[in-house]
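Two complexes follow with chain A in common, the first pairing it with chain B and the second with chain C.
What follows is the complex of A and B.
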């Protein structure tokens, strides 16, 4: 009995211990849950709110390729979502009937063509990429089994041909092929923020309009124009004509796709006298008071160097520039020597491709070895072929105080430091401004047609005969004008180039730069200057006259020196 | 036999469960709504994107020039039409007093001065930038426009804009 009692006692004892352990475990569990609840509910509120906010926040939709915009933010290139039509021919029950129905929606295909595609023994065949929304709707309505759409993105250029040569275009799979699209392919392909160019669409339009009108007027085969910020190298407008619509770039011919501004290299003629004069003045071999005998043509071997506007006398340095004397320039260059000329042109970047952000870059053509005859012809822009882009960036350095900036198509942020390479002194640059103003202002200057009242235009004409098969063609000219405004403190450089203009009655048969390219510069400046924030001034105001005054130091009394 | 504590515990457990269910359903519903809103936002953004491209297309300068020529009485801006503040003549003063009147006695003079129209300070003027290429045909240097004082303050406008608008979910 006692043993039984003992046993019972022990069993109860054991049961109680088990209960106690079980209870303790449960209590611990509930306690943990309770504590966690209190922690979440009472203590962690702030973090929770933050966690919620960071969750599923909708950002800007991301396209596969970033947009390209102009300096005002105007859209130049963007990706739009489109649908592309494909078929699984094995699932199309009646290819002939389906093809007939499809052909009614897609008129560019014949029923026979579609039948062939739809009866192919394959599981996938593209029918048409990038449908219009209307086409997609119509095809959906046909209800043909075995057809399906794929969401795709298509590159669209809302401004079409206007910026074709700068922006370029992409291929069917949106890979950059030409222009900015190619040079920034990697950046753009990542999507993300829009790429902002330095172009100003309004100035671009003015330049293109005026240039194309002039090309038509003088029956030129093409032309190009460039507006560049003299102090930063930013390209505000850049046009090459003929151009093409990048939305259907594969239909464009090679001539339209050819970028005359950066890829084309030309012997630009007398505009090179700017650099010849700058070299001579900066090196100190002569001064504004100096001069050279231009009374007789120079004969070297079988060449004869003549003056187009022949004065046939001793000419002062400003006169050589104003009359655009080849003889005077050649003598000046000989005085300086070939080595100095080569070094100077090399410093200005004329012997290499420019560093502008375009894959289409022409390599300058220059003589090697650099003979004496080359030195003479290069002084007036023959025997060296460079792109108008080279010309614009080097001219900017001549007038902006002497600092060379690499031309760029990307908008500079105001906080970026402006780095430039000093190529000539401030004083020489000041002289160059006066000389270039003289060409436009003086009644004997060749660039009078470039004047735009109020904007104090300065510049230099250049008319060169084109070399075809190694010979110069007298009837095929490249007429160019490089202008700066306002001359007293240049802000922008404008280059206009016409390829093979033909003389007309209004220009007395002349197709030279003063008649063809200079008027374009005048019209572009008078329209674009207000947009570029350049205020017109009174050109006769004493401070402007003083800043640009220049004595001709002429030795002929009849020439009125001002 | 059910003890009151047990009863209370059961009730508590039941209500906690019920509450949990309700909250979880509510959360699911909110999630759905959020998803819907997000989809709607993406859709709107896509339309905005397309509209931006269309806007840019419609703003082709050549197209605008053609339209302006057809429908507007505008001509290209001439250089003479651009003027600076400095070139503007001063605002004419009210008629000055004659010598005779100055000799008149102080009381009449004072009365006359008080009778003069009170000059208001110049209304704020805004310089309209020559952003557009054209200006209206009348050959005046019409580049300064007086802005009427706004009847609403900036605060009012901001309040209107910030006011939450009902959102519809499809």
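What follows is the complex of A and C.
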């Protein structure tokens, strides 16, 4: 027992010794906190004042957020340093007199309002944010005690609505909310070098002007367009209408802020025949010499598949494309099978969001399960909804030799290797160029209005009825045209889409793509091509003709005029 | 107060003459500062999150009497009652802690709160003091041959608590619990080799947390390199201390509370620095230090190992929390959500602190034959 007591005493003694150590550690820690407090409260004061003075001597404030520029270096987004006026009402000796003087400089306030603000029992009150330099000068001259300015930075977009859907805008604290401003928020907020986009402001302007004129002419509810470099995926112009002024983005309505190019997904109609043909040719199930019977409509369950420009006979593969035959396309797709179709469209990126650098990205809508009827309708672009951005990037791969590039809004440096994913063979791509040229060149093609003399335009029309509340509306169309130029060696893809255009007298009441979207493509290409370094050629020159030669393999000796 | 005669043998009378007046006074002073700062710091926060301006002040003032009652009632207990009381609180908290993981409210990515009858409870606050007493009890118990050594049970309990806290995840609380437990183990006679080993293990565990839990990594990166990452709160906090200077801007006149979301809780000390100034904040630091050291002195004089370990454990928790909170706002430590005892807003923290300091007062009361006579 005694031994145990001794041991207990020893343990207690050791505990006490160690408690002293604990006490010492705590004392040291509390002293450290105390010293740090004194350090901050007393010693750091002077340093700060010095830092402040030196900043004022230099007279410059570091602009924080990086600029955004187009591919030529044109400013798209920058910062403006402004002054905001605030007051410490407790230091304003005569609020009524001060208010009267202030009201003369700030006419939007009445003297009574300002008197109320300046007599408040508070130490801080904002009077006006973002003064003009003149206002700041005038207020300084008034010499009212108790007023002061706070330097602030305001994001400005010198070109306003022109690039609104690409560049996006920031919130009150300069944080990116939409577009590039949001997707590159962290980089931009870090300051430093300007972010250079792939956009060319000149082409952007042309595209927006032509689109908005056409929207007005055909009383469409909106539209969009896209010019993309076929070899690199760089987006040279991208417009969604209606748009908004990002300098006052909070006044814009939801429709104006909706990005129809990347966020909107649409059933795009016959432009999908491009991919149907490419699939059929690339897989070898048919060739340019092959063809399908399009003599009568297809009836499946309660559906009937008809041709808009009905020829009602056997059609060759080029004829199916040129006449835009739904029946022929559907048969071609059935021949290939749903699985191949699904895999091919998936390879082209149609079943996923694109990887373009925008937060506003629409997810494609496609049928699950992928039934036989879906296979048929998808062959001519119904039953699958994708964004115009998808269309542009996949079309580029069809005509550039067969390489798919991710669409990008960032300028590629010339030294960067161009990586693409092969999706079709060079031969198939060759045939696709010829087929698309046929649509514009041949008198029976649907895209004659897209022609731009000298620039050898090729393309495909697409007119789809819009589904509203699960039903197709015959009067509500999405009319689109995807064009490429120059067809002998395509450099750019142009997509134009009009949302619900209405027929007019000049178009004989038609609101279809050939009448509405195709002319925009023609006008955009003829103005933009010289700026993009594409020189016009003689379209009848033998080498051009050779590069685009195509036999129709028609079984009709002379093609009927209509 | 002097109107209570020494011969008064009623329960309260005896309490008054045996309880440590100086600690009681220091705690009262801290509580008063807490009320002042709740009124100064919380209205802008309440307005910002869409509540009535005086919402937090009212809550603080409603819970304060409960906390005060907890201090008095708990400090009336005898050491034996404290043991049982702590054991009961610990057992219930452990169950609730496990429940929190299952049905707790997820706030900012962690499950730390349990809704009980409209009152949201942060159970971890109650685990800390009750476990300190239970651990002291186990450490002070001598091992008997043929049965499981109490220190082993204690290790298992500590492991369970830390795991439950880490699962929420609440690394800060897990660190506090582990530190207090290690401190007690150290006092109880842990060999210095083992102390070193356990410290290494703790460092290892924290390194693990750094790599496994992104929010921990962010905080620590932000501390090591203030230029990168989210150093907004901390730079505003430091600015507040500088703005305050020696005498402060006066209660209510500060600006920092307008820009700090946690001005009434984790960053309340910065509000104190700006509005009350250096002198008062030094007084607050002094009060915390005094409570800890005064308690240590009383514990030093005890003849009973359990009392020494329990008091030291409870005060280590109290002091450590204060140091972590103040250290965070002063950029001496990475920012860590930890309340400043009696001063930060937070119902669970306030009640648990009342309970914990009540235990300290109970265990340091003068007892016949217990030593600790002045």
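Criterion: the second predicted complex is superposed on the first by the 457 of 562 C-alpha atoms of A that agree within 3 Å, B and C clash if a C-alpha of one lies under 4 Å from a C-alpha of the other, contacts with A are read in each partner's own complex, and residues count from 1 in each chain.
Going forward, a residue touches a chain if its C-beta (ideal position, glycine included) is under 8 Å from a C-beta of that chain, and two chains touch if they have at least 3 such contacts.
All figures in this text were calculated on a predicted structure; none of them were measured in a lab.
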Could you tell me if A:14 is touching chain B, chain C, both of them or neither one (first, second, both, neither)? second
By the touch definition at the top of the document, which applies to A:33: first (chain B), second (chain C), both, or neither? second
So which bits of chain A does chain B touch that chain C touches too? none
Given the complex with chain C, which residues does chain A contribute to the contact? 4, 8, 11-12, 14-16, 18-20, 22-23, 26-27, 29-30, 32-34, 36-38, 40-42, 44-45, 48, 123-124
Under the stated contact criterion, what part of chain C meets chain A in this complex? 142, 183, 186-189, 238, 241-242, 244-246, 253, 255, 273, 277-278, 281-282, 285-286, 288-289, 292-293, 296-297, 299-300, 303, 305, 308-309, 312, 316, 319, 323, 326-327, 330, 332
Touch list for chain A against partner chain B, complex: 56, 58, 60-61, 63, 74-76, 78, 80-81, 156, 158-160, 162, 201-202, 205-206, 209, 452-455, 526-527, 530-531, 535-536
Listed in rising order, the residues of chain B that touch chain A in the complex are 34, 38, 41-42, 45-46, 49-50, 52-57, 59-62, 65, 76-77, 79, 82, 84, 130-131, 133
